[in-house]
């Protein structure tokens, strides 16, 4: 009868360490995890740099194994310590945690064919570990909220951009043709998006006067369109983060004569006198 | 006497299928149409890719004929089922529908000269079919509204950009000259717009210190100007989708003479007098 | 004694034609002027295109003389018909009008040396005629107002950009050096502004890892800075063009229960009932 | 007993000249300082231009010594005239002033090895003198305030951009590879930031269809993200410079318990009770 309690107790402690940040152990755990995540991402990035990758191959491998080992334990711990393991496993972070753990194990399977694209892909999967960091960005919610709330508008916006890009792209293909790099419509559409978004790589550029004229038109269009996402997200975002401000009107207090009270003010914030709406002087600034 | 009713009835059913989306048949019709539109656009784009275009030439042709056949029926159906066929034929969507249908028929005429630009142009007309999709974007209205409402401002903005581009372009042509790609004023103006819109292809770039200095000036100018369309559309858009503001018009109350009532106002917000629409003086400011 | 009256009368008619657009003559005058301005600008631009310039040299010259002739008359007419000629001559448009008229006359003086830079500059002066068009853009005022009102902020913004560009430019020069095109600090500063404004020509690009890292930093900085002019002008602009909207609060009418009355509403816009502030139910949505 | 007074008096005068701008001497001092700062920055920039640098080497050296001399005096004066010298020395401007003064002295030490990078770096330190100008930009505060207030949001934004850049960068590296310049992940990440920020140098560009498709995706993403910093800073900035809104804090009224009073509120706007700052419960949300 003691055992289950122990177990429960032990489990509880694990859960506390992993999921709660306010206990000293929990803090320590989070910090170690963060460091390991960033370390592993840095390793993946440096490995890709030829001369560094080869030189420190072994060191990287060791680091990788340490990280993988720790992640493995973490993953298991998370699975066993939560009430609904299945729910966690198939949650966003559950999948991320899993994908962050397996690559090295998989690379063992294909150890012979170490340079195949598939393997490289698998090994690079580790970069997605960076997403684990998002766990620790609480403040990002407002941003995420703004984006989610206006996803419908964003979708339409992107769709509009695509329609414009397809049509203008086709026209550019027709006007410029193979000569100046507009080899086919998909490429022209790609070019149009590069231009509409004001990125402008310059790998493909119109050379004919007509093409340049149309390009000018596309650019100004893109320049105008840029206002829209700003309007969409920006506004929504502004509203979400506008809780620290209140609208004030121009009614003035009879007693102290001060203006700019909040719309729902019943008493003057300056002298505390009642703002009896009947006998205050409305000053309409608009 | 039965016949016309039948006809009317038959016509009515067609109209219902084509123009109403809430009946099962209507839904099905819309879905098929959407798929065919996107399919046809993809075909046009892939056809332009040399190696793919030649390889699957025949398959594409078949698909094209199927789509064209369907579109032909659709077009005819639309024409006969509406009350005012002429009105539809010369409406925006009427023209789009027509242009989406004819290309293949026309290409038959010029079948001998299959690679002439003219024919290619006609075949590419099919890309405009994508515009038919806009029929199904209900949420785009707010966006369209925002753009339409501020078209006057946008026009002025573009005009201002052009004036700046013409003058700075002329100066750049004078300073840089043929040596660094500023071969003539039109090209220089093109370059200025590329720069003002912060696209910056880099196909033409100033090389002289003076030219680079002026370029710097143009860039910062463009960077500042970017704020304006955002201000224009963004604001208007924000307003349209904001709940804290209502649009007010310029009708004035007969009783107290005050203006700027909300569009749906039945009574004056100032004196409570009825705003009998018949006998108020409309002052259209816009 | 008759003569001065005649003169005054004659003068008055000229003034009416030139300065007033609501008389038929005035309208005609404005339209002709607009056409000539645009025509002359097009001529200047086409002249600069080598092959066109030489081919139609004579036609262009004739057009130029016609335009110049008309502008000369216009200028004289303006001078004599205004009350304060001096004031006009040294006004913005006075100078523009003068500069728009003289180039061709001046080119006669240097007719021998037809290809000197000075002369080309003089002839290109005619492009500034485009500024005469601004006379007819009444709606541009709001825009101009927005820019003027926030000029102080814009100046500081530009100044800040310059400081950032000078410092980062110096660092880039130090890191990259001559090898990768950062030949000297002015050029590096030029590159920094190209990058900060997100134009990115790509004529000069960092090649060293450290340089690319710093570049990344500069780009994100510029990306953040872009928000500021939008905030500055955009906001100001929004406010200037916000006269068509009023803020509404959430108080509800006792009688019809409708909400969202304008802040200064005394009576319900829906039922005309008095909005006696004491006994309405405040609904704070925030 | 006289001496200390004199000293104090003398010190006081110095302090007045250096730190106060409203006395004639103070004004003069500031103007001279500004000129010298800008002059020195110009010298540093021109020196870096090879042909100019060598030609006017001596003149530049003289100017440098004059400026350095003046700055030395200024620095000493500032140190001795302030009440808390230590505090000044380690303040932002204290360090700037120090770094602005030493370079030339240090260059004497390494005079033999005049072209070592270290020395060049030291000499270029003088560019940071430009930061001394910020002392004179009073209007910049609002801007600075806007940026500081939203630093948390900006940090998250940058962090989000980096996460996106790292993941997409890795994918691009996988898709494009060495062939098209995506030599390693760091470079790919660099490219992604170049693209996300819509700078688009074009030194590296995708060539494979898949790569171009992903690039398109990244561009539109970046185009959408651009809205966010605008939303963040822009809004905050707008708010700070808007008269229709006041910042409210989270102190709650003891009497009615309502929160969100304006910062300068003396009395509760709801119940009119005094907001005695001593005994209210501050709830700091930020």
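For clarity, chains are labelled A, B, C and D in written order, and residue numbers in each chain start from 1.
The criterion applied here is as follows: a contact is a pair of C-beta atoms (placed from the backbone, for glycine too) under 8 Å apart; a residue touches a chain by one contact, two chains touch by 3 or more.
These figures come from a predicted structure and were not determined experimentally.
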Please identify each chain that touches subunit A as well as subunit B.
C, D
Shared touch partners for subunit C + subunit D come out as A, B
Could the interface between the copies subunit A and subunit D be described as same, meaning over half of its residue numbers are common to both, or is it different?
different
Would you identify the chain whose Cα-based centre sits farthest away from the centre of subunit D?
B
Taking each chain's mean CA coordinate, subunit A and subunit C are separated, in whole Å, by 37
Centre to centre, by mean C-alpha position, how many angstrom separate subunit B and subunit C?
26
Cα centroid separation, subunit B vs subunit D, in Å, comes to 43
If a residue has to touch 2 or more other chains to count, which residues of subunit B qualify?
157, 186, 198-202, 226, 230-232, 234-236, 238, 244, 260
Connecting every touching chain pair, does the picture come out as line, ring, star, complete or other?
complete
Under the touch definition given earlier, write down the residues of subunit C that touch subunit A in their complex.
198-202, 230, 243, 246-247, 249, 263-264, 277-278, 282, 284, 286
Across the complex, what residues on subunit D touch subunit C?
41, 44-46, 48-50, 117, 120-121, 124, 127-128, 130-131, 133-134, 137, 139-140, 142-143, 146, 154, 157-158, 161, 186-187, 190, 193-194, 196-203, 226, 229-238, 241-242, 244
Which residues of subunit B touch subunit C in their complex?
152-153, 156-157, 159-160, 163, 166-167, 170, 173-174, 183-186, 189, 195, 198-202, 205, 209, 212-213, 215-216, 219-220, 222-224, 226-228, 230-232, 234-236, 238-239, 243-248, 260-262, 264-274
Residue numbers on subunit B that touch subunit D, as the complex places them:
198-202, 230
